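Note sheet for the following structure.
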Amino acid sequence: MNVIESGMGPVFSNPDPDEARAFFRKKNRTKTNKVMSLKEAVEKFAHDGDYLAIGGFGANRTPVAACHEIVRQRKKNMGFAGHTATHDMQILSAGEVYDRLDVAYVVGLEARGLAGASRSYIQSGRVKVTEWTNYSLTMRLKAAAMGVPFLPTRNMMGTDTFKYSGAKTIECPYTGKKLVALPALYPDVAFIHVHEADIYGNARFKGIAVADLDLANAAKRLIITTERLISTDETQRDPSSTKIPYHVVDAVCVVPFGAYPGTMPYEYFSDEAHIKEWMAAEKDPETFKAFLNEIIYDCKDNEEYIMRNGGFAKMNELRALELMIPKEKK
Amino acid sequence: MADYNSMELMISVASRELENGATVGVGTGAPCAAAMLAQKVASPDLVIVFEAGGFGPELPEMPISVGDSRTFYKASLAGSMGDTMEYCARGFVDYTFLGGAQIDMYGNLNSTVIGDHAKPKVRFPGSGGANDFASFCWRMMVMTPQNSKRFVEKLDFRTTPGWLEGGDSRAKSGLPLGAGPYKIITDMAVMDFEPESKRMRVISINPGYQLKDVKENCGFELLVADKIKETAPPTAEELRILREEVDPYRYVIGR
Amino acid sequence: MNVIESGMGPVFSNPDPDEARAFFRKKNRTKTNKVMSLKEAVEKFAHDGDYLAIGGFGANRTPVAACHEIVRQRKKNMGFAGHTATHDMQILSAGEVYDRLDVAYVVGLEARGLAGASRSYIQSGRVKVTEWTNYSLTMRLKAAAMGVPFLPTRNMMGTDTFKYSGAKTIECPYTGKKLVALPALYPDVAFIHVHEADIYGNARFKGIAVADLDLANAAKRLIITTERLISTDETQRDPSSTKIPYHVVDAVCVVPFGAYPGTMPYEYFSDEAHIKEWMAAEKDPETFKAFLNEIIYDCKDNEEYIMRNGGFAKMNELRALELMIPKEKK
Amino acid sequence: MADYNSMELMISVASRELENGATVGVGTGAPCAAAMLAQKVASPDLVIVFEAGGFGPELPEMPISVGDSRTFYKASLAGSMGDTMEYCARGFVDYTFLGGAQIDMYGNLNSTVIGDHAKPKVRFPGSGGANDFASFCWRMMVMTPQNSKRFVEKLDFRTTPGWLEGGDSRAKSGLPLGAGPYKIITDMAVMDFEPESKRMRVISINPGYQLKDVKENCGFELLVADKIKETAPPTAEELRILREEVDPYRYVIGR
């Protein structure tokens, strides 16, 4: 079909739905207990060179513990989908985990400011970068979830964002209008943090979905980190509440406070003080090295990280903040 | 005279194709009965998929509609039609059972019209989700009574894709690669499709029938496998479960 | 762009997203009490010649009362999206409401058999028919919901279903694969039946969504019929449970048993005896005329229809059936 | 010396553009403050939209992230990024506020890089949802301090579409018709875009500034409306609500 224009950015993953179909055909759909430690799940399902995508939105219902574990295991040369990647990006950049990056929003922390280390890593020129937008990355995951090689949208046109993307423009067969065609994105491995899941992987969360429903379907391997386990009786009682069915899930890791220091809706608010610590530590390489040892490399797991950061007292404070419970009423 | 009817035979034979952990897109009636039977005999983790959005239910009884509440009873997902079909399109669904008023030698199906489309002699429901399931699911199967009016040389309307014109025509069509008709299970025999020509081929004949019967009750020339087996009849256990648990009111298997 | 093949069926609606954007831009988004009678809603929002689409799936969470009211008000020359249209189709056919039809599944009642009157009406040649599939109609609504003129899929190819559709085939700009391009479908008016809604139109339902989420967004005018009203405090308390937000809703009609004689998940099972009555009555024009007078034309509203069909006693029976409560335990 | 600062002025001016029942896509900071102020002054039914999926919340306080729980507090929808952007793409969202490191005379924005893309002098976050909002929402507005480093003749990188190269270039680009930059609100003035050329045009000047200041602090040639008004300063009520209810900790309006 005649392509009108092509972006010059590399596409880091294969949009071919038949290649993906052959993979998904082999995925196990029996009801098997998939509960394992996050350490084991990362060892088993995340490999050097994989294309990685994670759920949530920057520092909101983000699988932070999973990002820590990926860094702790010193994974390298990964591709990464940076859709509003903020604190997650700080962590992955600190470990220099990725060397190719689909960018929608990176090196920023929204209202908090900029993420220095992420920025210097990308400015170092050691990272291949292709530009997209938040919606475009979502649509690329949706295309994969739908089993089609591309989806059309009406954004990006007329900009350098398009020029430095891997997208193409085409003409609508019905209206003759120019449209952007976005190539399907099938991540090799994805992590999504949820409120509740059963042992097979039937998972629930509350609040905004961001891109997680499409991500769950698009990812070739999916690890669920969950605040807590629930019984399969409960997921079966109310299938309308299941957001991610077990068929697409490879591992279930029980990780309380797995989104800390980010926000987990209805559970705990973000620890802004700790994120400020990060931003400060990032400014000096030596300080940052010590800081990373303290909170990641020297921690056995997320529990140790939480305990080093104030434990239950801090978590209870953050819960009160999230629920907007006035101090005096505590 | 055997102690089972042809519907019970077809359902039992069909159910044996559904291994544990497989996914199958079904409609109401015999296909659903076959899936339920498989779940209760050898494939407890068979994932049954309904086009309206029910995914992985533990069916408490036969649904009347592929959208009624039974289709998402204790399900892993009460989703949307888009969800179901996206699972299929993504390659997640192994099998589907379909049917029609007419079938040809390549397993193409007609469930749309007899006669001219503009002013049909008989209007049938149309594709529904059949064309979608047949396009996306890896292996399409048909359970149907066999006769020359149903097994025809040329369809009045090709609603649902089989192997199209045979050979590599489906591979060239744009439909997902590697998916297509797999087994045709009738009251008289079981057919598959010859790998090169993609033409329907008799591989086993049901108890009480001869190859002659199968050929006489088909409107096109059937290929015949080198070795034809006799179709294994329903076991006592299959019949008991089918009659007592799957279809106690005999909606599908009849009296 | 080069179209490879085009179906010969007419496309009954304009897929142009800019035309739709101009319409949606003017839609009222203030929080206004939209509660009105179904009679008033149909008078106000459903017009002769409109393209009509309804939610649910045949006889499952289908706005049956709305179909009755449309027939009662003798609407004519409508377009209709027949995605697994079963009992709803029987009603609309009885009123000869539509004269152009996008077909995925019509004239059938699933396991129940065939709908005689719908069939003869379509066979009469007085109805323009374009063929699609269930998924294709869903995707056409999704395209409209996404504000794009078409979406690509991988079904329909190689069949007469494509040949008699309004679809086209195109080549993927990334893989060179042949794909079907489905034109966006923006219904002029749509009806969706739900369990609960507030006065502004924030609506919830349980069980399968079928195509209702995309339909709600694709429709230019949307009428919600609901089993019951809930407070806005409740919808605001739990926005994660809202399936259809008020912004897209034009009217909220409180219609208990509004899906009868179809199934309403967790509320009541279908009245198979009554549907059999329909099928029997359809066989003879005179009988059918009298039957329609009895249950539609001579009924003031859905309440009268329900009362004529056994009232609360019948509804309680159907509830027990739906919940699979054994008789002796009632 | 006025009893308000330039941020308070910009937020107040911006908030007046948001009529009751309008929809506005915002990020954190000043845009969010303007939307909250509008809700509390004259537009209680203003529908605030966040890209991460929050739709129509009653913001209890300033969100830290466009995805935190405040963005769907008492909302009409806690949806997905796709939901939000589809609302925008469908023409449901009237306004959006965006910003950037650089802006040109057609309202195009750069939030990606300074210098070469392959090895940038400075890497900024990139589009995020900005390109999407600017493509889809009917009227894009910018609140920004004004200086020649920010208001430039040529962007280092065009992240987000304004009127592109002006004239009918946007109409020909494939972007949704009729949408584009609407007002630019700075610490010195308010600009709109001349309908034919789509070039930035001064329409009102803020108290305490002269046209001369506005021109000197802009890296490209500004058009000037026939009648230039003085920008109406924040009212006492606007300042009270902004300081006491919208931003009591002065995260945005500063001290």
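As written, the chains take the letters A, B, C and D, and residue 1 is the first residue of each chain.
One rule holds for everything that comes next: a residue touches a chain if its C-beta (ideal position, glycine included) is under 8 Å from a C-beta of that chain, and two chains touch if they have at least 3 such contacts.
As the structure is a prediction and not an experimental result, all values here were calculated from the model.
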| item | value |
| --- | --- |
| Shared interface partners, meaning chains that touch chain A and chain D | C |
| Pair with more cross-chain C-beta pairs in contact, given A-B and B-C | B-C |
| Interchain centroid distance [CA atoms averaged], chain B/chain D, Å | 58 |
| Interchain centroid distance [CA atoms averaged], chain A/chain B, Å | 40 |
| Centroid distance [mean C-alpha coordinates] between chain C and chain B, Å | 28 |
| Averaged-CA centre spacing for the pair chain C and chain A, given as whole angstrom | 37 |
| Numbers and ranges of chain A residues touching at least 2 other chains | 17-18, 146-148, 153-154, 177, 179, 206-207, 240 |
| Junction residues of chain B - those touching two or more other chains | 72, 78-79, 89, 136, 176 |
| Contact graph of the chains (line, ring, star, complete, other) | other |
| Contact pairs between chains, per stated definition | A-B, A-C, A-D, B-C, C-D |
| Contacting residues of chain C [partner chain A, same complex] | 1-3, 11, 15-18, 146-154, 168, 170-175, 177, 179, 181, 183, 206-207, 240 |
| Parts of chain B lying in touch with chain A, wherever the complex brings them together | 20-23, 45, 47, 55-58, 72, 74-79, 86-92, 94, 136, 138, 176-178 |
| Complex contact set, residues of chain A against chain B | 17-18, 20-25, 27-31, 144-148, 200, 202, 217, 235-237, 239-240, 242, 245-247 |
| Chain C residues within the chain B interface of the complex | 56-60, 82-84, 86, 103-108, 110-112, 114, 119, 122-123, 125, 129, 131-136, 138-139, 142, 153-161, 164, 169, 177-180, 206-214, 263, 265-266, 269-270, 272, 322, 324 |
| In the complex, chain D residues that touch chain A | 27-29, 51-54, 60-61, 63-69, 71-72, 78-83, 85, 89, 108, 112, 117-132, 135-136, 155, 157-161, 164, 169-170, 173-176, 251 |
